[in-house]
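Here the chain labels run A, B, C and D in written order, and each chain numbers its own residues starting at 1.
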Amino acid sequence: MTATSDREQMAYVAAQAADARINVELDTGDMTLNIGPQHPATHGTLRIACRLDGEQVVVAEPIMGYMHRGYEKLCEVRTYPQCTTLINRIDWLGSFANEVPFILAAERLMEVEAPPRAQWIRTILFELSRIANLALFLGDMGVQIGALTPVFFAFRDRERVLNQIEEVTGGRFHPNFDRIGGLKDDIPKGWIDETRSVMTKMRTFCDEMEDLLVGNEIFQARCRGVGVIPGDVAVGYGLSGANLRASGIDWDLRRDANPGLAWDQIDWRVWTHPDGDSFARYWVRLQETREATRIVDQLLDGIPSGPIMAKVPRIIKVPAGEAYVSTENPLGEMGYYIVSKGDLGPFRVKIRTPSFNNISVVPWVMKGVYVPDVITILGSLYFILGDIDR
Amino acid sequence: MTSLLALPYWQETAIKLGLALAVIPATSLILVYLFLFKMMAFMQSRLGPNDTGPYGSLQLIAEAIKFLQKEDIHPAQADRRVFRMAPVVVLASTFLLYVVLPAGPDAVVQNLDTGVFYAMAVSSLSVLGILMAGWASANKYALLGGLRAAGQLIAYELPLILAVMGVVVQAETLNLQGIVEAQATGEIFGFGAIGNPFILTQFLAFLIFMIAAQAELTQTPFDMPVAETELVGGFHVEYTGFRFLLFFMAEFGTAFAFSALAAVMFLGGWWIPGFDVHDNVLNILGPGVMLAKILLIAFFIFWIRFTYPRLREDQLQKFAWKVLIPLALANIVLTGIFKVVF
Amino acid sequence: MDEEQSSEEASAPDEKRENLLAELSENLGEMLIDSYLRPHEDLWLRVRIENWQDAVKIAKAAGFTYFGFLSAIDWDIAPDGRYENTEFDGGLVEEDDDPVELDTSTGYAGGDSRFQLLAQLNSLDRQMGLILKADLEDNLVVDTIRDVFPGADWHEREAHEMFGIVFQGHPTLHPLYLPTEFEGHPLRKDFPLLARQVKPWPGVVDIEEIPEHLEAQLEAEVMAAFEAEGGEV
Amino acid sequence: MPQLPGLIKGLGVTARTAGRTLFPKRGWKTFIPAPQKGAVTVQYPHEKEAPPDRARGVIALHEENCTACMLCSRQCPDWCIYIEGHKVKAPPRRAGGKPRTVNMLDRFDIDYALCMYCGICVEVCPFDALFWTPEYEYSEPRIADLLHDKDRLGEWMETVPDFLDYEAGSEEKVRKVPR
């Protein structure tokens, strides 16, 4: 019907024809190679069952669920404040960003709005978790295709960002800092200046990554033209975040569907790349990390003074209704569809995670690629297992 | 050729054998400690091992002891005999390489007339071991790794040999001692104080040799047979304990040997400017000079290893056949022309 | 879409979404059962289940090309409540054992059946989201929209294993998360959450009162000691 | 300006980092190798990481303030706080008053094997009895030992840092830790 099934069909027919041709001469049956569940490239427990013809992938089928924790069910037996502690653990690398859409959805139902100071600090922490998350990707992508050093740089510099997050929230990975109606606490003294110097360091880190990987001819040879996802396919699969923007689709929820954070009050831009290949995805994320440091710098300059909590009752009961709020998380569009019945806890929560959609394109994009490219594509799609399995 | 000590043949052989047996673990010890542990750590803003012994220098010994203590495991489906033999074959190829490496006028295990030819021949033996390991492990990753290794090592054997041919043509000998001598006595446009290290006249060959050696040693950017993130270790994925240790030793022992070959063929080997090539003192000083040169070359090998990502198998083959081999052939032709003209 | 608007603007009618609603109701015609609009936030449309695939196609033709998610809602009341048999178990179980008031409302745009299908689509040009709903009949069968949005493939598999919904025309409707031999549909409300049932809630423990027959005696003892110390604390 | 090949630039980055690690900038001493100072890693058993004051390491219990109101236990998402208490009669506050009924805490256990460090208990406590401290060295060989009773939780009170001052523009009041 669309380009998708055409391509699927052609690949299938070609594979069958190749099989038939070879089988006449000698029996070289396809080999099934399980990449994962325990495999360095799947950072987590994702399994990709590949049917290989030589080193070429005929069919790749991701199999997951090894980490399925049933968060949608668990949320149903918890109160709203208890849910945020769970939600932290979905995309554990950018966990503050996970809380925000959930809290915003609950706030929308309660018709509460956080005071401006809380929104600015939320935006800063959101962008900090984006930097922490993407910094790890920038290094990890190197290790996926064999460069050992970038990932150590990434861990080194990500730690600085995590320290800043920890100084405010008390948690490196699981901040649990967002509250319905505002934030748990205000920022401590001296934090703004520290964060500014960390942002300078992060820009140096981005430059290093540019020299180490982006400019490296071997890296380009490995990534350019590998795993090309055209824009219409990306949209159909619901890809989001840098994966979508690397396919030339100019869509960023921070700009296009700002649910009420401070992004529209500062000057920044959305980066896109027309190629849609692994290199484009890396490049877009690199630029986004840089952009995020600039966003944080601007936000730090203009934090409004005032309270950090709106007036909300002590025991939070969310009025009956439904709301879907999604934000542009480090990995892409993360949204929560909350159905409330006026109870202490949500009646049903549907968690729309970016990695789930991002990784669902794998069977399409991995037809006919080589085994090393499987790793490149997996790395460049950038998923977090907790974000797929929830 | 004067001898350092006049010893009966068997005593001399025993000493040389003992030395060779001690040297290989020692070389991997040095390389691993200096480069894998310390240099890599510094390049990544860390300290590396620093608890075991002074500055962590005994770390590898501790790890070797740990490896020796481990249970000897075979995969259930493995072809046991081949599985056990593979690391030995790989290590044997490394040992054989050391036979011809000279460290002084007489400090060589066996001064073969066809030293270069011999070295190239035995170094490719390791392919056999790797292929055996890959096949016998009964593991798909290992099999893929083994096949990749075979394809890669065969592809890079050719540029390696062709690069060496330039040196051989210029030195007019296949004997490694002869090549050192040729560099020591050679002169560049009448200036002979530092001899004529072939890196100056054979720079292209040197580059090709180093790239091919990098591939031959399966170091990044050519480490597809091991490829931790794709093949989870490739051909040695099923090996643990002392069998893995053998692979590990062979890897670094071979790296040392290839650095030594490069030092002999391109950097003037053990000769020190100002000494006579047959001076007995060089038997004492030569090993030190060699070690310094070897470490210099190994530094580059490992520097590249820690910095670059890895290529894909087809890109590597393309690079070998379409770039390196034509270049190496051109180098031989040029060397031949210059040889005739001058 | 700029939601950061002043209060007058926020209360102003949301023309963008109203136009969309008018356009889609015209295109959908008979297929549309009900709709709901939260100004400046979202639009809900409930369509006939037999027209599910067509409705999605019409939405796609109207510019909603970006696939958000597909899921379902079980509107049943969980028989086990929230597993916290106290006042904190908001409203469902009252302390005085009154008959429990069950909230049987079925959300925006209404609903007639226990299971409701849910899909969220986005339009990149209009910068709007759209939520489609459909009531599932008792046999829980619906046409697949995998051919309209390839991304729906996995979402339908998930809905299949979590709710037991059968998507007609889906070729690989095997479990996505759960083991193959798993029985039951975990996200249904009547599926018990064992983690909360095997362990007693520590919150049920309450502070131990002083037994009535001891109260006077203890009081006297305390007062005696108090006065012996001189009445100062 | 001609572009340097990326391959050489990459080598430059690693070499520069190695240089900075080996010779960290520190005045005239720069030329003495000091990787211990240049490396960013913390040599854990020898030196300790200093987490920020707000870090959620372990929960301390200020027993005098606890009224056994059960709020924390009921709000805990992991059900890992176990409280038992009973009522006792206490002397009146002033002379001539009536005896009061107060809650006595018998048991206050936090099972750190279950705890997920969300901090809800600390937050809901209306009487300032629970505090976070950044201490983190309390791992145990036996999982059952991770159940800290009220004495063990009380010991952590010493390590509770003071609350931090707020950045300019804040309207929050800095709370005090009861000592």
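In this text, a residue touches a chain if its C-beta (ideal position, glycine included) is under 8 Å from a C-beta of that chain, and two chains touch if they have at least 3 such contacts.
The shown structure was predicted, so the numbers you read here are calculated from the model rather than taken from an experiment.
Student: Tell me which of A-D and B-D has more C-beta pairs in contact.
Tutor: A-D
Student: How big is the gap, in whole Å, between where the Cα atoms of subunit A centre and where those of subunit D centre?
Tutor: Subunit A and subunit D have C-alpha centres separated by 29 Å.
Student: Round to the nearest whole Å and give the separation of the Cα centres of subunit B and subunit D.
Tutor: 52
Student: Would you mind pulling out the distance in Å between where the CA atoms of subunit B average out and where those of subunit C do?
Tutor: Whole-Å distance between the two chain centres: 65.
Student: Roughly how far is subunit C from subunit D, centre to centre by C-alpha average, rounded to an integer in Å?
Tutor: Centres of subunit C and subunit D (C-alpha means) sit 35 Å apart.
Student: Can you list every residue of subunit C that touches 2 or more other chains, as numbers and ranges?
Tutor: 88
Student: Indicate the residues of subunit D shared as contacts by at least two other chains.
Tutor: Those would be 7, 10, 13-14, 17, 40.
Student: Out of subunit B, which residues touch more than one other chain, so two or more?
Tutor: Only 43-46, 306-308 qualify.
Student: Each pair of chains that touch: what are they?
Tutor: Pairs satisfying the touch definition: A-B, A-C, A-D, B-D, C-D.
Student: Can you list the subunit A residues touching subunit C in their complex?
Tutor: Counting only subunit A, the residues touching subunit C are 1-2, 4-5, 64-65, 68, 70, 72-74, 76-77, 79, 108, 232-233, 235-239, 249, 251, 256-260, 264-265, 317, 320-324, 326, 333, 335, 337, 339, 341-345, 348, 350, 352, 356-357, 360-361, 364, 389.
Student: Going by the contact rule set out above, which residues of subunit D touch subunit C in the complex?
Tutor: 68, 70, 73-74, 76, 79-93, 95-96, 99, 101, 103
Student: Mind pulling up the subunit A residues that touch subunit D in the complex?
Tutor: Residue list for subunit A touching subunit D: 78-79, 81-82, 84-86, 88, 117, 149, 153, 156, 159, 163, 166-171, 174, 176, 184-192, 208, 211-220, 303-308.
Student: Along subunit C, where are the residues that touch subunit D in the complex?
Tutor: Residues in contact with subunit D: 84, 86, 88, 199, 201-203, 205-210, 215, 218-219, 221-223, 225-226, 231-233.
Student: Give the list of subunit A residues in touch with subunit B in this complex.
Tutor: Counting only subunit A, the residues touching subunit B are 31, 33, 39-41, 55, 142-149, 152-153, 156, 212-213, 216, 218-219, 221-222, 370-375.
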